[in-house]
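Shared chain: chain A. Partners: chain B in the first complex, chain C in the second.
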Partner chain A sequence: MTTVEAAGAAPASPAGDERLSRARLIRRRFLRNKLALFGLGTIVTMFFFAFVSPYFAPWNYYENDFTALLQGPSASHWFGTTQIGVDVFAQTMRGLQKSLIIGILVAIFSTGLSALVGSFAGYAQGRADRVTMWIVDLLLVLPSFLVLVLLSRFYQTRNWLFLVVGLTVLDWMITARVVRGLAMSLRERDFVRAARYMGVPTRTIIVRHLLPNMASILIIAATLNVAGAILAETGLSYLGFGVQAPDVSLGTLIAEGTASALTYPWLFMFAGGILILTVLAFSFIGDGIRDAFDPGSSRIGRRSP
Partner chain B sequence: MSALVEVRDLTVRFPSEAGTVEAVRGVSLDVRAGEVLGIVGESGSGKTVMSLSVIGLLPDTATVSGSIRFGGRDLLALDDAEMSRLRGSEIAMVFQDPLSALNPVHTIGRQIAEALLIHQDIPREAAAKRAVELLEVVGIPRPDERAQSYPHEFSGGMRQRVMIALAIANQPKVILADEPTTALDVTVQAQILDVLRTARDMTGAAVVLVTHDLGVVAGIADRVAIMYAGKVVEVGPVADVYAAPAMPYTIGLLGSIPRVDGAAGDRLASIPGAPPSPVALPPGCAFAPRCPAAEPRCADAPPPLAPIAPDRAIACVRGPEIAALRRDGRLFVETPRHATRGAAADGVAVEVRGLRKTFPLLKGSVLRRRVGSVHAVDGVDLTLRAGRSLALVGESGCGKTTTLLEILNLVAPEAGTIAVLGRDVATLSPAERLQMRRDLQIVFQDPFASLDPRLPIGDAIAEPLRTFGVPREEQDARVHELLELVGLQREQASKYPSEFSGGQRQRIAIARALALHPKVLALDEPVSALDVSVRAGVLNLLAELQEKLSLSYLFVSHDLAVVQRVADDIAVMYLGGIVEAGPVAEVFARPRHPYTQALLSAVPIPDPAVERGRSRIILQGDLPSPASPPSGCRFHTRCHVRATLAPDVAARCASERPALSPLGSGTVACHAPLG
Partner chain C sequence: MAGYVVKRFLNAVVLIFIASTAGYFLASAALAPRGNFSGVNPPIPKETIDAILDRSNVNDEVPIVTRYVRWMGGVFSGDLGIDLDGQEVSADFARRIGTSMRLLLLGSILGTGLGVLTGVVSAVRQYRPFDRGFGTLSYVLLSTPVFLLAILLKYGAISFNDAIGTQFFRTAGEYDSRELLEGWALMRSRLQHLILPTLSIALGSMAFYSRYQRNAMLDVLGSDHLRTARAKGLTRRQALVRHGLRVAISPMATFFAYSFGLLVAGAAFTETIYGWYGMGQWFVASIGKNEINNVAAIVTFTAVLVLISGFLADVVLAILDPRVRRS
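Our next item is the complex of A and B:
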């Protein structure tokens, strides 16, 4: 470990641009983390196949190959075919597309919401804080899964974007509590107090001072939230309350495949495997970013006194 | 005298993200039996790393070379088990922060007994008995009861006494004390230094006192070693080094520290620049870039530590020449002030009458009820006259910062009145309050916390301008003007705070505070977080700005030496109330209130001759809790004068709170007949 560090450590020029050198340090720490690199590689591959493979793969999800019904993986059908001759690879990639989009949208929206609500509550304190936290606690004790199941009656007939809204509304609370805690401690930092005594309005203080200083935490939360959102979406879809036909997601594919899981394993095996791999990869990236931002949390980069 | 510990050519390196940190670079030093050796240096000078390597507590990542010989053995060659046998028995350590050095889940008595049992084969009861004796030695009242207490039940000063008791438990030959008094208030510091002396006399151990405070060393040490950038640059007997410093850094350091007994008003000598980064040290003498006596050859190679007189050595290529330069007054001299101070216009900048601020003590998680109040500020009167500086001094927890923040809040206080520039803040409308913020700005204590790390300093300085709608072009011009005003370059506006040293950052914070041409500047301990060698520069800047811009300063500090330099008037605070106020010269020359007297006498003076010759008042005990302040005069529980008073007056001290009444040219709150 020590040798790696010594070899990789270039002497920092004292006059270099701080932001660049900090970004470089973080990137170097991230690239040193093998699991995080693996995660990043996996996600890039997933995105590539999910969005680009329709242009070069031999079959499309709306085509039926009536010469190959319920066939196992082969050179032509990489993941095999279904009962009606649909290419499982094409189908899985289409499901992956939807799951990735939903996961990322939910993560971005819920992290954004928690950043706004959390920082406002933490900074304002007093009554505004109590009311907000009361709402957060209320939402936390609601069994979110049941609520989504009930709501599904509403969005079943409409666009899958409503599912994104539903997942977002029930996913932001825990991050918001973390952000609130950070905002409360940043609020007492001298540079925030200085701004307050200069007469800078609250809105500006939150946008200019609070949010940039918790950017690292927000990025980490967003990355880790992607994994959670994908799991929540596939879980709902599996039970039929999430993504509705004609749209498919990894969850609906797994649901369709489970009936014949033992006899025709390729029908659900690939979708299940890709789901596990994707969620794992996002978690690894999230952990990697956290360690890169905060060397104290990892065994690498021990600081000298 | 024989050397007890011989450090030879010690080098300690750490790997870091930014490169290899050379914390200690070839230090050779002796610790003699029974002496007190002071090791003085600024943060990052390697003094702590060196003491940790003696006791074998360096982190595993450190690369150590050289030798440390103690009792015929090389400590660096010992393994951890052998080192553990020496630690605590032959070599003991007193840490800076006594709270983290004590185990919170065991009683004090048990922790001391344990230290005894590890190294001595004695029965448990005997160890417990000895623990109580040790607590008595270090001055813990009712030691048999207190031995049953847990660390959190002790105050900071008491914990440090316990640490000393632990250190002397096994009659060590060497006691290492790393900044043992830095976290404590001056009156408590005086007590702890006293205990340290007792401990030394009792055990006959050599004490290595690592500190940044030249005043502490002057009072207690026999010899002193000055460290700079990982090297010892000067070593010698305390009296000689202070009387005739021979290395330019030492000369600058001694010239740049304010002294309570110094000439008021003169500018301090200041060392330009800042200590070098430990990852990018210059190839030659590390001090050369800041040295007024530097020559081209200084940059060639680091100068070795060479003797200049018996028992004295300095690391400087110009050696004896420096002494001559110093005598001719050509190195780091104090410059007298040009204008007379405090002759400013009439009028009152800030007036506070009967200010009170209490914080509720709450209990319960669901239904929070008030179980008591912390009387942080209770009946404070202050007057800051326009164009002058008023210093509010006191120990931590006395309410001085709360008072300052109450004034800055610009809202009606809980009780009493605050008037800023003639307007009562209770009558301000929100729009007027915003306008008043232009006239009243603040500079915080810690320049590392007061600047947003993600904002370029130009933007930080422009923030108040933006808030008040100054056009963009004017903002830029004003930022450049301000940077030059505080001694920085305009090209630095686009850099981030982390590229600046502490002193430079404080200059940036001052520039930001001045952006809107304020009339009053609140300074909350503006130099106490800075390294000694850069303090003088910031203090001189503040004095210069006051003359140039006719500012009024409201200065909060615990450091009386600093106050003596910058303030015209002083108000001494004790436990939420003002005990004495008046012109600085008057109060320093003739302190009337017993607390002021004790406070002044507790401040160490960086001059061994003066420091050892004067009599001092050492207060008993610690600051009482502001949640349950003593009745009557808040100070009566620690007062040294009260014992000499007539019984009826002494009784009044405990029952009736004295009001501030005029005495001489100031005001004092005391029942005793003061003269």
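Our next item is the complex of A and C:
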């Protein structure tokens, strides 16, 4: 809410100039936030190691070092080795790759979906709104985790992209409610009303007038949704209902490592630590963006109208 | 008011009906119990398999609508069907509800209570050491998935036991079943087994509620009505307790409703890791065994739970906020 107000109340000046200065202001506020910078640095590092380290790390995930079975971390095996001599570092980076990709894809898709559905429901009102919100309520009542586990039977034998679809379909409802609230208030603003009376079709109004005005909220939601999606994916994978072999994710690595966690802690400690750090970093970035867009807002999720 | 309650109740009944229907069809589509009996050596005759499947009403050669109507008819009379081993699903259901509810109720009450309390304290002492320390802790807790938290607590406790040389923390099962315990000894054993799983569930929701409560409380602290309360002569503490808390707590009720579904998912991990035979563990096990009737029952149960908690949240909201009552 407040963000929309702030954007609308900006002094009237040539559009290009105003946008530039606002973008600069937001960037400066973000860069001043130490936690957000820490989050950004962490994510950049994670990405670097996940995708580039296979080219320079001493071992690959498909190699077995039979001279070092179940060895702790060392100069050659940074995170130690498994029972069959697989390098845990290489394995963990491979799992991190999958978890990062899935988390980001799900966040982008589910935020996009909630933006479209929410703004349509809020703008159209009447019966369309009631029907959409009823579907949202129904999906919220259906235990999404249980449904995802059931759906896993369908994508188990297929590509992990189906997992992305499953996670997306069950992860857009709450953001859609927030977006709907925003759309309902934007609908009554003069510029939207003017467009409507000029005969601009609904679809164009939503895409050209509503969505850009809630861009900040959507960016924040997308960033925080990455954290949520990674948590959901690793949880499913931990129980064996998510990413399937031969693919690995941080969740499957933790599941495999915990069997002998007491004696050989490196088997799951690194995957667990990296998982917590990644989720933490995305939350920091999300909060940092929120504060940058709207310095008056509070830290985690202000309640929507 | 009465009309509103009736309308809500009817809406809830319709939602539960649809949720259980969706659950049944989804489970029937996803699970293939016939597969349990194929590839067995010596091969089981088809008639035998069909007899077993028909007993459970999960034969894939019978049209799904017929199976569904029979299942739904049973549900209305309190019969949840028969599992593949020939046991009544209702019996298992009744036993496991107790196990799960002990865990979930205690965990959620503890989590919500502590969360609200620490959130209020953090807001009142904004930027002081407690606020900063607890803020960091709750960020880390919010970023830790339930299964990882449960594992870390479990192995932490085992290491602690080994280091001290005690058996204080128990990490497997609901109580010590190796010996026959009675009265206080049984109670103590249950408590020792209860601590860690409850913590695994409570800590996450504590962090969640404390963050939201802190924000809501900060909004209230800067509000006009609190200043008015101070101006008419109340001390800070009186004003906070009498006028601040009530307003700040009411938004939490709504969150409580939505979070109960998540809690059930959390129970699936906690129960599996700590060897509790509750609903969550049952769900994971039933998927593995292709038990359609069990899965449909659990989905229905969760939907009912979410709607009940949503209803309770509305009641609490109405008690706290007179505006809700009047409208």
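Here, the second predicted complex is superposed on the first by the 281 of 305 C-alpha atoms of A that agree within 3 Å, B and C clash if a C-alpha of one lies under 4 Å from a C-alpha of the other, contacts with A are read in each partner's own complex, and residues count from 1 in each chain.
Everything that follows uses one rule, which is that contacts are C-beta pairs under 8 Å (C-beta built on N, C-alpha and C of every residue); 3 or more make two chains touch, one makes a residue touch a chain.
Values in this document were obtained by computation on a predicted structure and should not be read as measured data.
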Contacts of A:V149 with chain B and chain C, given as first, second, both or neither: second
Touched partner set for A:I254, first chain B, second chain C, both or neither: second
Contacts of A:A227 with chain B and chain C, given as first, second, both or neither: second
First, second, both or neither for A:L25, with chain B first and chain C second: first
Partner chain(s) touched by A:G199 [first = chain B, second = chain C, both, neither]: first
Partner chain(s) touched by A:I276 [first = chain B, second = chain C, both, neither]: second
Shared chain A contacts, counted only where both chain B and chain C touch the same residue: 301-303
Residues of chain C defined as touching chain A within the complex: 15-16, 18-19, 22-23, 26-27, 30-31, 139-140, 142-148, 151-152, 155, 158-159, 211-212, 214-216, 218-219, 251, 258, 261-262, 264-265, 268-269, 272, 283-284, 287, 295, 298-299, 302-303, 306-307
List of chain B residues in touch with chain A within their complex: 14-21, 23, 48-49, 52, 59, 61-62, 277, 279-280, 408, 434, 437-438, 440-442, 444-446, 449-455, 460, 463-464, 467-468, 495-496, 498-499, 509, 512, 516
Residues of chain A defined as touching chain C within the complex: 137-138, 140-147, 149-151, 153-154, 174, 227, 231, 234-235, 238-239, 241, 254, 258, 261-262, 268, 272, 275-277, 279-280, 283-284, 298-303
Chain A residues within the chain B interface of the complex: 2, 5-6, 9-12, 14-15, 17-19, 25, 28-29, 189-191, 193-195, 197-201, 204, 208-209, 212-213, 215, 295, 301-305
